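Heads up, the next two complexes both have chain A, just with different partners, chain B and then chain C.
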Partner chain A sequence: MYDFEKIYQPRTVAEALQMKADHPKALILAGGSDILIKTREGKLAGSSVISIYGLNELRGICLEEDGTILIRPLTSFSHITANPIIRKYLPTLGEAVDQVGGPQIRNIGTIGGNICNGVTSADSASTLKAYDAVLEITSLDGVRILPYSEFNLGPGKVDLHPNEILTGIRILKDSYQDTFGEYIKYAQRSAMDIATLGCSVNVRLSADKKTVQRLRIAFGVAAPTPIRAFSAEKAANQAKVDENLMETVASNAVLDVNPRTSWRATKEFRIQLITELARRATRSSVEKAGGKF
Partner chain B sequence: MVVGKPVERVDAFEKVTGRAKYTADLFPRNALIAKVMHSTIANGKVLSFDLDEAGKIPGVVKILTCFDVPDIQYPTAGHPWSTEKKHQDISDRKLLNQRVRFYGDDIAVVIAETEIAAKQALALIQVKYEEYPPVFTVADAMKPGATVIHEEKPGNVIVHSQYEVGKFDNAITEPGLIKVEGDYHTQPVQHCHIENASSFAYMEGDKIVVVSSTQIPHIVRRICTQALGCSFGQVKIVKPYIGGGFGNKQDALTEPLNAWLTTKVGGRCVGLFYTREETFVCTRIRHAMDFHIVSYVRKDGTFAARSVEAYSNQGAYASHAHALVANAVNAFRMMYPSGAIKGDAYTVYTNLQTAGAMRAYGIPQIGFALEAHIDDVAKAVGIDRIAIREKNMMQMGYVDPITTITCHSTGLQECMNKGRNFIHWDEKQKEYAKENGPVRHGIGMAIFCYKTGVYPISLETSACRMVLNQDGTVPLQRGATEIGQGADTVFSQMCADTVGIPLESVHIMSTQDTDITPYDTGAYASRQTYVCGMAVKKTGLALKKKICEFAAYMLKKDESDLDLQDNWIVHTVSNEKLISLAEVAMEACYSLSNSHHIAAEETHHCSDNTYSFGVCFADIEVDIPLCKIKVNNIINVHDSGTIINPMLAAGQVHGGMSMGLGYGLLERMVYDPKTGRTLDDNMLDYKLMTALDTPELNVEFVEPKDPTGPFGNKALGEPPVIPVAPAIRNALLDATGVAVDAIPLNPEHLFFEFKKAGLIK
Partner chain C sequence: MDKQKITFTLNHVRREEYIDPRASLSEVLRDQMELTSVKHGCNVGECGACTVLVDGEPFNSCIYLAIWVDGKDVLTLEGLTDIDGKISDIQQAFIDEGAVQCGFCTPGFIMSSLPIIESEKTFSREEIRKQISGNFCRCTGYETIVNAIEKTAKARKSGK
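Now for the complex of A and B:
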C-alpha cells in the first residue's frame, strides 16, 4: 500500500493537461519506478498523482517525414531497445537504456520519466545529450520546443512548468546520420545498479575514415546534471584518427566536467573514470565507424 | 540406502510452487500492524515525546514508548543458555530504549489498523533528546574520557581476552628468524537474507504465541521470557519456513518486543515486519575486525612464533559479543599450530549498529587476515605460497591445547592438490608473471579449518521424535531447523536409512512449535547434521527396536533375530522377508490384545567436536585503469567428511562462495561520519552481487570418513564463505604486486591502492 492523497487517471492527453492545470502540485506518474520508491521512503508520501501511464498516444517510436526520430515519452526502455527504428538508426540509445536496472525496471520504466526525474545518473540522459535531442513540451497554452541541452536546471530540477507535460523526444536526422556511438555505463555491479559514471560518445568520420568530422560526447554523474563536454568535442573536431585522439578527448573532457565527492565515490575517482571512459568510448565509436588505429 | 545420494529436496515442490508458508503468509488479515520509531541520533537519551498529533491519525490503536516498557534488561544472543552466571550472555537492552546508543535504536512503537496509519503516526511523533558525543571506532571508544555507552562497562571494552601457547618471548630469540608483520582490516557487512526480520504475536488464554522467522525457536522462547519477565510455559514460538538467516536470525530480533505488544492490546494479533532498510540497520551485521599479526619465520618457511592482536567493533549492544573475535583468534592458532603462539582480543562497544552472528562466526575475518598474511610471509621469505602452508598447517591427530578439539580426520592436503590441478596453478603462475600491461592476471589461494558445533565452549544437545503411523510411514520431528540449507532433506535421509524405510515414508515436520517440538538449540555453527544427526540416528535405532519388538510378539519369534529393512521385517539369519512394516504398524495400533502407540524420542548430548577443512583457488583479471577485478575461474574444494547429499552440499558451497565473493569484492556498510547513520541501507547502494556478477562456481569434495560424525560427516554449512576473499586478495597481489590489506576490494578502494603503488598516475 502506498500513501497517496489522490490518484487521477486521465483518458486523453487533453484531459491530463486539464488535470495538471487544476492540480498543479499533483505529480505526473508514468512507470512509477522513481515516484513509488520515493513515496514508500516517505519523501513523497501523501502526494497526489496524475497517472498518465494508460495514455497510449504518448507511447511509441516513429520516423517523421524529414527523417527525425520521434520517441514518445511513455515508451519503455525495453521497447526502445527492441524497436527497429532505434536498432537501425540509433543503436547506441537502445544499448544505453538496456543497462537500466534489471528486466522488470526496463519493462515498467519510461524514457520520459527517466529524463524528467532530472538526475545526473539517468542512463538515457547522456546518450540523448550526445545526440542533441529536442523536447516537445505541452500545456493547455500550446507546445513548446526546447533543446534537451537546456532542460536540466540542477540536480532533480528540470525546465518543466507546473502545467506542462513532456510529450515528445526528437532526434534530428543530422544528429544521427552517418554517426556511430558507444555508451559505457560504469557501475560496481553488472545489473541492478546506478552509474558511478556514464559516458556516451558518437562520431562521424570523413569518407576516408582518417579524420573526425564531428565528435559528440556527454557524461552522466560527471556534474550535478548530465552534461555535454563541448571542449572535448571542439578539440576532436577535424582531428586525425590516431592514438592521440583518445588523449585529446580525455584531457579536454576533464575541462568540462564538475564531479563531486559523495559517499558513493570521490571526485578523484570519478575523474579517473571520466578520462578512461572517454578514451574507451572514443576508441570504440571510431572503430565502429570504420576508423583504424 | 539414501545417505550419500543426491536426492531431491523434500521441500522442493512446496517452495517452487509457492505453497510453502512463511511468516507473512500466515499473518491473519484483520490483525494489527506495529511500526517501530528509531532514533535519529547515535548517542544520547530520550527526554520526552509529544504524541498528540500522532494519536489523532485514524486507525492508530496504541502508541507505546521507552517510558512504558518493563524495567528489564535482557540478552539477545542465540547461544545455549548457561546456568552459570559468569557464562551468561550480556543483558544490556530493554524492549525500547530511553538511553539511545546508535542511529536507529528502538524508542517507540505505533500499533495501528493499517501500515499507512502507523507510518503517518510515526512521522508525527515529536521527540526531545539529550545528545552525547558519539564514538564510532574502536580506537575512539577505548580512549580515556570517551562517552560510556553502557554504564556496566565504563571503558567501553566488553571483554579483553588473551592466550599464550608455548613461550613466545623465548621462541623469538632463536637465531636467524625473519620477522614479518602486517595490519589487516575487515568491514561490516549484512546477511541480506531474502526474508526480512518478521514476526507476529497473539495470545491464547494466558499464553503468548509468537510466529517468527527465526533459526532458533527454542532459544527465542527463552529470550522472550527473560525480556518480559515471565516463565517458559507462558510463551510459545512457532517457526514456519524461513527465507534465510545466515546467523542474523540466530538472535532475538523482533520477537521480544512483538510478544510484549500483543499483551498491550488485549492479546490481539500484532504483526512486526521489518522493512529492508530496518533489517539493514536494526538487526545485526558481521563484526568489523582489525588485526595486527606478527610472524617469526625460519628460512625453511616453518614458524617459530606468531602473534595476533584483534579488535572487534561490537556496535551498540552486546548480542554475541566476544564469542566471535575469540573464535577468530582461536582459529589463528589452530590453522598453523606449530611454534609459540599468542593471541590478544578486544570486543568494544561503539555507537554503530549492533554486530552479531554471521555465517562462519568470526572466521571470515581472521581467514582474510591470516591467509593474506601467509602470502605476505611467503613473499618476504621467498617461499612458494602453497609450500609454506603445507609446512605449517594442522595435521591429523592435532589436539588443540586450549579447547582440546582434536583433528579426527583431514583431507586438507588432498583438497589443495585438487584445487591446484583444477586451476592449473603451476602453468598459470609462470604465464602471468610475464604480464605488465593495463590488464593483468593473477592466481591466488587460501585455506581454512572450521569446527563442527560449539562443544566444548557451550552446550551441545539435540532431541528428536519419531512416530509410527498405521501405514508404516514415520513423522519425524526435531528442534533443529530448516533455514533453506536443506536440513529437512538430510534428516529425512538419515531417518530413512537408520529406521530401514524408504525416503518417501519419512514425513518430516518442518515447523517447530516450542510446546510440541523436541528441544534443540537450532541452526548455527554448522552443527545440525553433526549434533542433530546423532539424535536422529539414536531415535531411529530406538524406533526400529520398538517395531522389531512388536513384530517379534506378533510372529512369536526372538526379537534379536529380526531386523527392519526397506519396509520389511527380515529374519537376520535366513534373510527371509517375514512381514511388511505396514502390517506390523496396523496391528500395533488396533490390536485388541496388545495395542501400542509406537514412538521414540531421544536426546543426544554431544561431547565431541571435529574440524572440517577446505581451500579456494581463484584466477582473476585486473583492469587497472578501471580499478576492476573480474574472476575468470574459481573453485572451492571441501573436506566435510562424508557428504550426506552431494546436490545440496554443492548448493551450499555455491551460496557460500557467492557470499565470499561479495565480502571480498563489493559489500560493506557505510556510515555518515558525523551522525553514524547507515547510508547504504538498501539493495541499490549495498552492493550485493547479482547473478551477472557471479562467475561459474566450481565445487569439489574430498570425503575422509570422520569417526566422530554420525555418518562420517563434519561441518559444511558456513565454511564455503571463508577462503574466497583472501584467495582473491592473494590473486590480486600475484597480478599486480599490490598487497591490499583491507576488504572489500571495490573499485574506489583499488583506485587509491593503485595510485599509491604508482600503477595509476
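Now for the complex of A and C:
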C-alpha cells in the first residue's frame, strides 16, 4: 500500500487544474516511476498526489497545421519510439527514450514526467534541449508558453508554479526539418541504468553536404541540469565537414559544462566522456546527414 | 481510505472489485485476488517479477496503481492456461529448455516474452535480450530463457 495522505483522481484536465489550484502542495502523479518508488522508499511518504495518468487528453502525438510536432506529456517512452511521426521527423528522440530503463519502465514512464522531474540524467532531456522544445504550461489562469531552455532552475527544480501542469511539448518545423541527429547514452549497464553521461547532437548541412549550416548539442549529467553547449555550437556554425569538426565541437563543449564527481564517475572521467561522446555523436549525425569525412 | 470500485477484464473475465486506492496492482492481484504468479520482488520496478500485461503491454505491477486498470484488460500468467488447466506453449518451452530453476522470476519473464512470441516480426537473440532486460534472473544465466522464447516464437511462426 502506498503511503499517500490523499489521492485525487481528476477525470478531465480542467478538474486536474482545479485540484492543483485547491491543493498546491499535492504532487502530480503521471506514470509514477519516480514518485511511487520514492513513496515506497519513504522519501515522499505521506504526500498527497493528483493522479493524472488516466487523462487520455494528455496522451498522444500529432502534427499541427504548420508542421509543429506536438507531444502530449503523458505519452509513454515506448509509444514515442513507435510513433510514425517521431520515426519520420524526429527519430533521434525516439531512439533516445528507447534507452530509458527497461521495457516495463518505457511502457509506464512518460516524457512529461521525465522532464518535470528536473533531473540532469533524464534521457529525453538532452534531445529535447537540442531541438529547442517549447513547453505549454497550463493553469486556471490560462496557458503559458515557455522555451524548454528556460525550464530547469536547478537540480530537481523546474519552472512550474504550484497551480500549473505541463500540457504539451512542441518541436517547431524549422527546428527538426532537414536535421539528422544522434543521442549517445553512456551507462554502466546496457539496460536498467541511469546515464553516467548523455549527449545529443543534431546537424543541418548545406545542399552540397560540405558545410555545417547549424549544429546543436546538449548534454545530460554534464552539469546540475541538462544543458546546451552553445560555445561548441557557435564554433561549429558554418564549419567545413572534415575531421577537424569533431575536435572543434569537443574542445568547445568542455567550456560549457560543469560536471561533478559522484559514485558513478569522477568529474575527470565525465569530462573525458563529454569530449568523446561529442566527437562520436557529431560524426554520426553528419554521416546520417550525408556528409563525408 | 475508502474502497473504490473498479471494473476491468482479468484473464479474459470481466471483474468488479472494491480496492483501496493506495494499493498497487501487484497487491490487488496477489493478495486480494490470490493470483500468486504475481511476485512481490523488489517492489520498486527493477526486477520484473511482478510483470503483467495491461492492454497487451508489459508493466511492473508493483509500481502501477490498481485504480489505473479501471476499464482495461489485465493478463497474468494464470490467464495463459486453457480451460482444462493445460499450460501454454511458452510455459512448456521454459520447462523443456531448462529455463526454470528456482522459478521466482519465471512468470515475469513469460509475461515479458508475450509481445515477442505474439509479434509478426522475427526477433533476433539480441532483440529478445532487450525485450527481457527489465527482468532479473539470478539462477539461469539467461541463455536458456532466450532459447525458450526463441523456440516458441519460431514454432508459432511455422504454425506448429
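Definition applied: the second predicted complex is superposed on the first by the 293 of 293 C-alpha atoms of A that agree within 3 Å, B and C clash if a C-alpha of one lies under 4 Å from a C-alpha of the other, contacts with A are read in each partner's own complex, and residues count from 1 in each chain.
Convention: contacts are C-beta pairs under 8 Å (C-beta built on N, C-alpha and C of every residue); 3 or more make two chains touch, one makes a residue touch a chain.
Treat the numbers as computed from the prediction; the structure is a model and nothing was measured.
Trainee: Please work out whether A:Ile145 is in contact with chain B alone, chain C alone, both, or neither, and reply first, second, both or neither.
Mentor: After superposition on chain A, A:Ile145 lies in contact with neither partner.
Trainee: Considering only the touch criterion stated at the top, classify A:Met1 as touching first (chain B), second (chain C), both, or neither.
Mentor: A:Met1 sits against chain B and chain C alike.
Trainee: In the overlay, answer first, second, both or neither for which of chain B and chain C A:Ala45 touches.
Mentor: After superposing on A, A:Ala45 lies in contact with chain B but is clear of chain C.
Trainee: First (chain B), second (chain C), both or neither: which does A:Phe269 touch?
Mentor: In the superposed model, A:Phe269 contacts chain B only, not chain C.
Trainee: Which partner does A:Met192 reach: the first (chain B), the second (chain C), both, or neither?
Mentor: both
Trainee: Should A:Gln104 be classified as contacting the first partner (chain B), the second (chain C), both, or neither?
Mentor: The second partner, chain C, only.
Trainee: Between chain B and chain C, whom does A:Ser33 touch in the aligned arrangement: first, second, both, or neither?
Mentor: second
Trainee: Does any part of chain A touch chain B in one structure and chain C in the other, and if so which residues?
Mentor: 1, 3, 102, 190-192
Trainee: For chain A, which residues are in contact with chain C within the complex?
Mentor: Per the touch definition, chain A meets chain C at residues 1-4, 7, 9, 29, 32-33, 36-37, 40-41, 51, 53-54, 78, 101-105, 107-108, 190-192.
Trainee: Could you pull out which chain A residues touch chain B in their complex?
Mentor: It comes out as residues 1, 3, 42, 45-46, 102, 186, 188-194, 196, 263-266, 268-269, 272-273, 276.
Trainee: Going by the contact rule at the top, pick out the chain B residues touching chain A in the complex.
Mentor: 114-116, 119-120, 123, 625-627, 666, 670, 672, 679, 683-685, 687, 689-693, 746-748, 751-752, 760
Trainee: How about chain C: which of its residues touch chain A in the complex?
Mentor: 1, 20-24, 27, 43-46, 48, 51, 57-60, 63-65, 67-68, 70, 112, 130-135
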